[in-house]
Amino acid sequence: METANLLDLLRQIQSGRLTPEEGALRLRQAPFEDLGYAKIDHHRWLRQSAGEVIFGLGKTSPQLIGLVERMAVAGSRNIIITRLPADRADDLVAAGIPLTYHESARLGLAWADPVPQTGAVVVASAGTSDLPVAEEAALTAEILGSQVTRLYDVGVAGLHRLLAQQEALIQARAIVAVAGMEGALPSVIAGLVACPVVAVPTSIGYGASWGGLSALLAMLNSCANGVSVVNIDNGFGAGWIAHSVNRTESPR
Amino acid sequence: METANLLDLLRQIQSGRLTPEEGALRLRQAPFEDLGYAKIDHHRWLRQSAGEVIFGLGKTSPQLIGLVERMAVAGSRNIIITRLPADRADDLVAAGIPLTYHESARLGLAWADPVPQTGAVVVASAGTSDLPVAEEAALTAEILGSQVTRLYDVGVAGLHRLLAQQEALIQARAIVAVAGMEGALPSVIAGLVACPVVAVPTSIGYGASWGGLSALLAMLNSCANGVSVVNIDNGFGAGWIAHSVNRTESPR
Amino acid sequence: METANLLDLLRQIQSGRLTPEEGALRLRQAPFEDLGYAKIDHHRWLRQSAGEVIFGLGKTSPQLIGLVERMAVAGSRNIIITRLPADRADDLVAAGIPLTYHESARLGLAWADPVPQTGAVVVASAGTSDLPVAEEAALTAEILGSQVTRLYDVGVAGLHRLLAQQEALIQARAIVAVAGMEGALPSVIAGLVACPVVAVPTSIGYGASWGGLSALLAMLNSCANGVSVVNIDNGFGAGWIAHSVNRTESPR
Amino acid sequence: METANLLDLLRQIQSGRLTPEEGALRLRQAPFEDLGYAKIDHHRWLRQSAGEVIFGLGKTSPQLIGLVERMAVAGSRNIIITRLPADRADDLVAAGIPLTYHESARLGLAWADPVPQTGAVVVASAGTSDLPVAEEAALTAEILGSQVTRLYDVGVAGLHRLLAQQEALIQARAIVAVAGMEGALPSVIAGLVACPVVAVPTSIGYGASWGGLSALLAMLNSCANGVSVVNIDNGFGAGWIAHSVNRTESPR
Amino acid sequence: METANLLDLLRQIQSGRLTPEEGALRLRQAPFEDLGYAKIDHHRWLRQSAGEVIFGLGKTSPQLIGLVERMAVAGSRNIIITRLPADRADDLVAAGIPLTYHESARLGLAWADPVPQTGAVVVASAGTSDLPVAEEAALTAEILGSQVTRLYDVGVAGLHRLLAQQEALIQARAIVAVAGMEGALPSVIAGLVACPVVAVPTSIGYGASWGGLSALLAMLNSCANGVSVVNIDNGFGAGWIAHSVNRTESPR
Amino acid sequence: METANLLDLLRQIQSGRLTPEEGALRLRQAPFEDLGYAKIDHHRWLRQSAGEVIFGLGKTSPQLIGLVERMAVAGSRNIIITRLPADRADDLVAAGIPLTYHESARLGLAWADPVPQTGAVVVASAGTSDLPVAEEAALTAEILGSQVTRLYDVGVAGLHRLLAQQEALIQARAIVAVAGMEGALPSVIAGLVACPVVAVPTSIGYGASWGGLSALLAMLNSCANGVSVVNIDNGFGAGWIAHSVNRTESPR
Amino acid sequence: METANLLDLLRQIQSGRLTPEEGALRLRQAPFEDLGYAKIDHHRWLRQSAGEVIFGLGKTSPQLIGLVERMAVAGSRNIIITRLPADRADDLVAAGIPLTYHESARLGLAWADPVPQTGAVVVASAGTSDLPVAEEAALTAEILGSQVTRLYDVGVAGLHRLLAQQEALIQARAIVAVAGMEGALPSVIAGLVACPVVAVPTSIGYGASWGGLSALLAMLNSCANGVSVVNIDNGFGAGWIAHSVNRTESPR
Amino acid sequence: METANLLDLLRQIQSGRLTPEEGALRLRQAPFEDLGYAKIDHHRWLRQSAGEVIFGLGKTSPQLIGLVERMAVAGSRNIIITRLPADRADDLVAAGIPLTYHESARLGLAWADPVPQTGAVVVASAGTSDLPVAEEAALTAEILGSQVTRLYDVGVAGLHRLLAQQEALIQARAIVAVAGMEGALPSVIAGLVACPVVAVPTSIGYGASWGGLSALLAMLNSCANGVSVVNIDNGFGAGWIAHSVNRTESPR
């Protein structure tokens, strides 16, 4: 609660328009709704300028439907459900929820509401197999309102494919670089640009890639400036951060 | 090389002002200077709007002095040397290099040139022991031109210390969150704000912290949106990224 | 064998009521029953004030039925079977065993016998996906005789949800804090209370959560006082310990 | 802030004894004191019924002296400083701070104030080399007010040494079990008693003990009920928890 | 080739009964038979006093049938096939191979030939779930010719179950100790006896047992003398070694 | 682009046969073809003297068919598809692509074109279970043009099997040594020969082999000279390198 | 206590030569002596046919002197102190303890008493750097009474050095195989012999040997029968086990 | 022993020039010399066309001097001693051994004998800190007889520095690529060339580089063809292999 609101509340008590008991209740009253199995955070929009995102993995269809319905009733739009299995998506649609489902990215968008796309985010990926994670990042940034350029299959073992795209990279305000295996793409890209590069290791690989560990460590140890890293396969997180940078406005 | 410059060069060949052999040479000619043990990248300023940063660890004093001198000759100012041991710093000063040395952050600044500090970066740290890493981040962002607010010793085991600073957090354009041990600070902060949070795990701890592994994993697995992570103890990297976000201007 | 009983036995030998051979046999005679594949420990009640708990994983239905039947014959009630697959539970019921099965917690309770629930245990969980583990803890404590308050979906990325429950936390005599991913919940809770907090890392997460490793390490490295940790997903163990603390009485 | 105090404050505003502005200030005013490098949490006593404990590792002597002095001024007594190197202890004494230093446990006690020791805590350790960690646990529990019985060198490779102490174990209200290497002691003890066992893995060992990893994993995987685990070598944490259990009183 | 045989061969050359070419051929001629996908080692009996054992995992039924048939033709009996899936066993039987299949131990015995069982090997296991591994060890030792006593479900959380069997342990010439989870059984047993204890960690457990890592590390770090360790779940290997010790005769 | 070609292009501009704009376009024009989901690198033949290899894992049948068809149109022959599942291979054949499928090695060869096989590569493997990886290496080297000798089932536990093949080993120009479990084969072979040995750890094993980690570490730590290592199960990579060494010609 | 002794004691009670109280005392009386910091296990000789061994690491000189003196008073001879630093050894000698110190093996022998050496133990080591660990094993077995043959520097990269010693290996009753780096020696030796092979990984190596992990894993995954493993650098443990096998006599 | 020599020996027996006993002795006689602590392998030159290399780490000065002297007496020249500490080098020189010591590479060359340098090996390194390892590789290849081009400080964060050297790379017959941190250099280089690339991870880095693990994993997971990997910091091994490839001659 911001100081202004707090003062306002306390002045109402001072003036007698509110009893101390009512004031205490309001101060305690949390800005969330309790569904039993989940507590929806309706105030997140105020704190983060974006609605709540639902982590779909491990939730039952009834839980998902309940969450989306209550959020929609509370006015949420463009509700993102990440890691949503296809059959869960079917259940939501069957329950009457207006849902667009992006299968490769396993991402559902409920109660879509067109958002103008501005700025310049680039999502680059090293190999064809990294596509699902890259798409999760690209879709997330687009849904939140960023204009996204996709540069796919530009891995470092064929540098000219990447170098041919240098201009798109240079004009980006934020870049998501997705790679599995040796995870070298973010380092090479960050050496070419000035904006922040959000690196996403993927679990693509075999043997000593150990589910993405190799790419993760490589990215954390990048010798290039400007690289930060999110969890393995976390396309959503990277898209969120890239949008968050992209929407930054000149300081007042 | 940008397309405009390339066309210009090719037109000079067309017009005979340049022979093909000279053109080939210029196209091949790399924009760096070779000192034998290192190749200074004088064009980095063009690519990244910042001078080269020297990773001080494992370099001899003569190597460091050589690097700084050639960069200064080429016009570089505010040359940052990270992980610079105190005795190396003494050697640089003894060699006549104008150097400011920040001991706790092990950071040297050579050929300092005042830069106006704008925007709003917050550097928060969980414990007193995390201070050196936090300072490395704060100093880096300041040298690059960001205005920095320091919130130290605001770890999650005493939440009220952090919550009392909520307004500084909310007004930040980029936040660096530094923590060792269980590394929970970035998650808690990211739940309170909308701007990107750059998490820095530190090697502070003992036993099962395994040199910062515990904090690193916790940060990568943050359940809050907006958290990306840099290498353990990499205060410099986080400060660079925070500044990079902070200086972002409204899209044209 | 306590000294009193030992003396009694030896005195019987002295008085001739028992031969030395009989005495040796009794001293050797272990207070357990051998089913071949398992040795039921009927004396555990004396040692631990609670009946034997059956670890259901990897046992066949006939083994489980045999164990429960012999324990019931020996007088056991409220026999807990943890990690009991649904089909095994069906087999036990089909075999005529009175069994209540809690599916989400995969916990079976055979030969239930109402136990008065006293004291105050809180089971808090970070996310909806942590619910099965939290339920295993809550049910265990309840079956053993603790009064349990459930605080679910109070993860640290939305602190106000947790802070709104501060009074329940403060009144608890023991708290179980369940969390996956970055595992920060126990640290934050322990900073708010004085009673012991038993932390349960869960395998919820993906990528660098490595099956609960991230949460486990975070909890072991908690900067807050009062946090101890059990195995990943070990809701039963945490519930047992919380009850064990909760039933503690004032020292005589 | 508890509801009673909050209501009291709001009623003062209602009655005009406090202006809304003063009320807002008090509500915002955090109960800590800011030394720049650290924020002392003077209210912890209210929350945890114990003074702040200082983690000595990595703090300078001036920082330590400053912290202790301000805490003493604020009325703290029995200030525990853990992981305090001997030379730091000397500096504190030289600065006039009344300090008792326990060298083997690397634990300092400043401004000691006799506390009656009640209840029954047992601290058991497997080998002679585990002594420093065991002592840290025992001293901590004693300083906080628990009566402690020490059972040292009772490792599982010579069971009769442990079994000879069975009566002390059975009468304990809380047990700390300290072991390195294969870390089996807590399992064996927990099989003999009904009270909670706090297991402390130590870094004692070599080769595949990997700094305590072997003992840590063994303890987390204990097949006995009632075992929870703290960080490697964290004797302080275990002593704190054991005291916290030991002081539990019968529920009202 | 032993020196005696070598001399014999060379003397045949000297005496002209063998040409140098024939001699070279025999010296080169390896005592194995090449099936293309495998090279059967018919001389192993000479080197190891036991027939070749077939590692069944990952071999096709035709490969297994081919191997067993050629070994039988060469005179092998009591051919052990470890990690043999049930369906593979069916295929071997269908192919006319006389095979006894022990399902819980996944062990097949082809061309069984009664072997007198002598000496005294004990196979002890901690829990009911460790039974398949324990049985693999027991059956292996029995097939090779050892008399085996099984002590199952004697885990350290109920010491009296183990202590009641002390005499069988003391009379053993070699002991196999099988345990998952915290893997403490071998340490406790080795503290009671003088003969070698072969420890077998099992993958039984969950969470931080990491597929048997916890038990493996605990056993490697045993504080008791006389414990050596084989691979996780390697009941066969332990049974082989126990028999190998058991058949040792007094030195001449 | 080699200097000769570059000069040629620039001379065309000088002579007016090419406009600067056309020249810039050609210089920018990357030698790859963009299929959207993949960028085919038609120039790789120039750089690596071998066509592009397709990593089959995780690609859909339409993606695979599209890639092969465009490569064939561009003139590629002997297109290798690694880690190709059998059902994908069926789809390619059904789509009319001339494909030879090696099931055990999961390797497809499209548009096969006989290549003369020269030199001498040996592929040795430790056990029957390592066969698929060894075959992938052998087939790769053969397709690229190497003559390959296969030495299978020559593991170090039966040294005479390996020593009997010493002459084939000594005559090799490059050796691939494939082994799982303890991965000792490359060390033993490298002690016998002078040519490079490419070691391939396999995921064959169980328990503490941890998916090939044991063999990988053993090979990296080889005490023999001449051993380098590729990823676990990467038979293709080893075959490629062995061929690459084998085709080396005397320096001019 | 063996049954015979137990019966004897009980018969004394029966006959009145012992009161029940005295009997209880004797049964309770633990066969160890309590020095405060350690409990000497004087009965170990009965259980293990060998005196107590002192693990020297981390014990102070007074502790060591105290332990040895009390053991000598109780009649112990040939007291082994492992991991004894040279300066500690000097302190023991200065305190008048008759001590032989083997520096390379860091092993002290106090109150030496000639023991006849029988049987046949081989200690083989891969490299010169593994010598200290090999010597610890060899000395231990010799002190306990085994005749030991040392085969040093017989690593697998020069097989003929090992093969030249085949006869010594074949005649051994137990073999200790010591190796760092890739740890292949035990596998190769076990393939040549029939007796048990105790493998000792050493921490010799660098880089990816990770303190002996590579050798440890290789040995645990040995494809040869008869290999069991002790902790990294645990020469003492291996020597103990080898002696334990070597002294085995023909079953009665 | 090659077949020709074997036949010759056997024919001498046939003809009576050699007794069978003498023949057996010669066949057994190993081509090494036993110094007690080491067995010099004088035949290695025959097997590997290169003299024995001494691994200097962990050897005493007398051991090193003894080894070099006996090798020199046996005719060895250009004896390489790797990982030789400076003080050991001084001892060797003091002992009269003609030794050239390369300090940065910690490599000693005893009894140097000029070798013509042919072919073309490139040693490339990513950063200035990787220089010692790169030098070890370069010196090794030069001593063995390869012509070496050094390309230092060509890391991937400044691609133009590497691309400017493309012609040297393309003309190489074998390339050693040395990098720490994210280890991306070998992948990028291998994408540009056709010859084998031997990747050397270095321990340069901090935090999550974990002593070179990050670079090691990245290199093992390289998406480029032709990359094989040696141990962390193993410049010697890479130089050896590069030379081994470089000296390959056209197949006959």
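Going in written order, the chains are labelled A, B, C, D, E, F, G and H, and every chain counts its residues from 1.
By definition in this document, contacts are C-beta pairs under 8 Å (C-beta built on N, C-alpha and C of every residue); 3 or more make two chains touch, one makes a residue touch a chain.
Remember, it's a predicted structure, so these values are computed and weren't measured experimentally.
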Fewest touching-chain hops separating chain D from chain F: 2
Intercentroid distance (Cα basis), chain H paired with chain F, Å: 25
Chain centre separation in whole Å, for chain E relative to chain D (CA means): 49
Whole-Å gap between the CA centroids of chain C and chain E: 38
Residues within chain D bordering two or more other chains: 3, 28, 127, 158, 163, 191-192, 207-210, 213, 216, 220-221, 225, 231-232
Each pair of chains that touches, named by its two labels: A-B, A-C, A-D, A-F, A-H, B-C, B-D, B-F, B-H, C-D, C-E, C-G, D-E, D-G, E-F, E-G, E-H, F-G, F-H, G-H
Chain G-facing residues of chain C, complex: 3, 6-7, 10-11, 13-14, 16, 19-21, 23-24, 27-28
Touch list for chain A against partner chain H, complex: 126-127, 155-159, 163, 180-184, 187-188, 190-192, 205, 207-210, 213-215, 217-225
Touching residues (chain side chain E, partner chain F) in the complex: 28-32, 36-39, 41, 43-44, 55, 57-59, 63, 83, 201, 203, 211-213, 216, 231-234
In the complex with chain B, residue positions of chain A that touch it: 2-3, 47-50, 53, 55, 118-120, 167, 173, 191-196, 198, 216, 220-221, 223, 225-232, 237-238, 240-241, 244-246, 248-251
Touch list for chain F against partner chain E, complex: 127-129, 131, 152-154, 158, 160-161, 163-164, 204, 206-210
